[in-house]
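Each remark here refers to the structure printed beneath this line.
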Amino acid sequence: MVKEELKTEYMTINMGPQHPSTHGVIRFVIKTDGEIIHHCEPDVGYLHRSIEKIAELMPWQSFIPYTDRVDYVAAMNANWSYCMAVEKLAGIEVPERAEYLRVIVSELNRISSHLVAIGAADMDMGAYTPFIHALRERESINDLLELICGARLTYNYMSLGGVRFDAPPLFKEKTLAFLDHFEPVHEQIHRLISDNHIFQKRFRKVAVVSADMAKKYNLVGPNLRGSGVKFDVRKDEPYSIYDQLDFDVPVGKGFEGVVGDCYDRYIVRAEEIRQSVRIIRQCFDKMPEGDIAAKVKRVLKPPAGHIYVRTETPRGDAGYFISCDGKTSPERVKIRTGSFTAMSIIPELAKGLFIADLVAVIGSFDIVAPELDR
Amino acid sequence: MDILIQTIGDIINADLGSPLAAFIALLLVSLAILGFMSLTAGGLSFIERRVAGRMQSRIGPNRVGPQGILQFMADGLKCAQKEDLIPDGADRLLFKLAPVLCFIGVFGTFAVLPWGNGFFASELNVGLLYLMSVTSLVVIGMLMAGWSSNNKWSLLGGMRSAAQMVSYEIPVALSLLPVILLCGSLSFKELIGAQGAMPWDWNILNSPFTFISFFIFFLAALAEGNRTPFDIPEGESELVAGYCTEYSGLRFVFFFFAEWANLYVIGAVAAAVFLGGGHLPFGLESDIVSLLVFFAKSFFMVFIIIWLRWTLPRFRVDQMMTLCWKTLIPLSFVMLFGQAITLLIYHELTFLQSIVSLVLFAICVLVGVKFVSRVLVNIKEQKYKMMHTLTGS
Amino acid sequence: MGLGNYFKDIKAGLTSAFEGMSISLASLFVRPVTVQYPDVDVKSDEAMRENYNGPLRGMPDNYRGLLDVDLEICISCKLCEKACPIDCILIEDVKIDKKQIVGRNGKSTMKMKSPIQFDIDNSKCMFCGLCVDPCPTGAIVHTNEFEFNRSDRSQLISRFVKADDRAQLKVRGAEIAIEDAKAKAEKAAKKKAEAEAKAKEEEEASKDQSEAKGTKE
């Protein structure tokens, strides 16, 4: 008898750069055994625009619109990180009203960004209606932000020393009216999709990240909190006026399965939206009258030195390291973003998952391609 | 059919049962069905897009023709003009054959589908069996498409569709068995004839077992028709477009043609087998009216399928198999046995059947009322309230 | 998988689908939010009020659309050119006859120069608004114009100075330059003459001094 050996080999598939669920141009080289992933290698860099290098050629103010493009889903928050870093470097005092306006727009932007994250995760799971419902509400937030700064996506609203425009008349009333409308609709979206049994089955107990592992891989923001680690820059290293505001830091508790699974990461974002609504309401109550920007010299020359500033953006702890040699433009800017670290954990998690699960993992980590590459 | 053959025979002066007359009659009927099928598939594609649009707070296609009703024609024409691409390294014969097989699989079912209570293209005594077997062709088409495309996503899609559709044929068949037990026939005419006009005379409300069988049939048929939550072979966000990734132009249209026509088939079978066919109470019944009633019921089922698609997310491949083998199949066996026992009981205690049917009907009405109240609450939540009162830009 | 779980699964699936379907059916009866853009004038308050339920009505005053330049009050200080992060503004200027202008902010300024070329490359512009901030007279502003699809990429460049004006300004600028040069030359000559005269005087003075010294000795 001749013993025949069946030869099997893994199938190598390119997931991306053009793939419906990679949310931008990211490429995963996956080796699969049928449907089951054996090896996954993320390939980043398709959206590299050398924003960090551009900063070295720019006057300090002119770099702000570029920070919009670092994370265009939450441009306000990216603006703020950079402005805060330069303000600290140059010793600029920001007026209180400007701080309140900054918190309001950033939290509005956080809501809209989380809506995109939630909606995109739903869409990856094949549910289109909740995605469009989420985007419908996001559109109203875009309207509000357009009212205040004249742009819908790349806001460039913050300036060194404050904000560029004061809140227009009726901005407060419109925002509060929107929040009144939004809260029940947000719950409705969650009744539509997050409580759905099929959806929960897809998300729970998939790609569990333990607290240790999350720290080891340096996950930040909602991804870290989804693993049960209670860390929020707004609470633990408060900046701006966050220490005067009352809000909770939601953490994953294993809502429908294990702590740190996809569903936890997903639902932490939903809870953060509710907290942001609370913050915005408080800000409107407390907001004082006054200047909206400090006087800053047109040609700014901060003293030589280094600074590292971290803020809590929707995708986690965004850090701006700026090295200054006392000239009119930065010597070096290094941007640290949450998506990049989230990307690094995916190969580890993807082993043994289904292809369909990989999509869920990418969706639950809320990876935004431009933030990944900068 | 016989009448048609006879009439044609009279016209062309041939003897009754002459092959020529039969051929012409067959040709005419097939062409009529083909026309109906194309219109249904096209119309359904338009209806689906409009319904999906409104469910998502959008409008949907409304530009071509009045309210966009000619959109499907525009899309069809556009696709017809597209280049017919066959990827390098594809198995050309299989690649070309696959959409045709898919189409035939669905088109074949129309032969036995009832048109109201009286019309049948072909009145087979094993109609239901024929219908289930001829739809299996679709599996082969999809598997062929996936395999021959020389694309890994297509291959995965093809494999998924093979696994899915072969598995789900079992619950479809099993869930139809209780009704077949009840009526004692596989022919659509007798299945419809055994039911009455009022809802409690329908097969679905005959006993709790047929009631649950209906849902099993509905879910399994969804899976066979590749509809969300079981659209795993296409799995847009996972497999790009699954088995039809590499298709373009008219071949692509054929797949979707088959998919949408299949929607109607599911609706028509559900209407005929479970929902009382085209019967109408109070002696209003005639052939034409029964046809309209039957269409209304079928399209209502189609609407529910569309509605489900735009509500639910997609299963994962293993979960879908678990649902089939561990949930639906055992359950449908239980329903089969339950129905058999129920029939024995009904045989002894005839009054029990009407009581059970009325109770089931009452439950359905209660659930419906609850549902409507939930819908009203949700409408109220979703409406914009405050913004109207605020003025100024 | 116990029997309890089995039924729990089915129940959870059915109830959640029930609620989900009630929500998607509800949206079927709520007005769509789509504004059918080319049909509806999105710039107008009234049209948007009829067609849109969101917080926005028409366009906000500070909407950042295409840039527009009021050349009458542009003093060609080139601050916008310097502020632009991507260098999409190109300005060339000539001297003109001095005139008093009133800026958009109400301040009056002396206009000494006028641009003969003021190009904004809209294909590059990212509508950040950084050029608007430093403008001392408010000459460069964002309009609420946002439709700028053109058939050719070169048409995307807005050239604000018209060819006629440019020729006129150039001619006048050249004249002014000549006048200036003349004036400058005259001034220089005058200065030179003065300097020479002064030098002469000094020389003479020193001569006188030395002479006086000599006589003293």
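Should a chain be cited, it is by its letter among A, B and C, assigned in written order, with residues numbered from 1 in that chain.
Just so it is clear, a residue touches a chain if its C-beta (ideal position, glycine included) is under 8 Å from a C-beta of that chain, and two chains touch if they have at least 3 such contacts.
The shown structure was predicted, so the numbers you read here are calculated from the model rather than taken from an experiment.
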item	value
Pair of chains joined by more contacts [C-beta pairs], A-B or B-C	A-B
Most central chain, Cα average position	A
Whole-Å separation of chain centres (CA-atom averages), chain A against chain C	32
Centre-of-Cα separation between chain C and chain B, whole angstrom	61
Cα-centroid distance, chain A relative to chain B, in whole angstrom	43
Overlap residues in chain A, where contacts from two or more other chains coincide	129, 133, 136, 147, 174, 177-178, 188, 192-193, 196, 198
Chain C: positions in contact with at least two other chains	9, 17, 19-20, 23-24, 27, 33, 54-56, 60-61
Set of chain B residues in contact with two or more other chains	55-58, 310-312, 378, 381-382, 384, 387, 390-393
For the chain B and chain A complex, residues of the former touching the latter	52, 55-58, 152-153, 156, 159-160, 228-229, 231, 235-240, 310-319, 378, 381-382, 384-387, 390-393
List of chain A residues in touch with chain C within their complex	58-59, 61-66, 68, 129, 133, 136, 139-140, 143-144, 146-147, 149-151, 154, 156, 159, 164-165, 168, 174-175, 177-178, 188, 191-193, 195-198, 298
Interfacial residue positions of chain B with respect to chain C in the complex	51, 53-59, 307-308, 310-312, 326-327, 371, 374-376, 378-379, 381-384, 387-388, 390-393
Chain B contact footprint on chain C (complex, rising order)	1, 6, 9-10, 17-34, 36, 45, 53-61
Interface residues, chain C side, partner chain A - complex	9, 12-13, 16-17, 19-20, 23-24, 27, 33, 54-56, 60-64, 83-85, 126-130, 133-134, 142
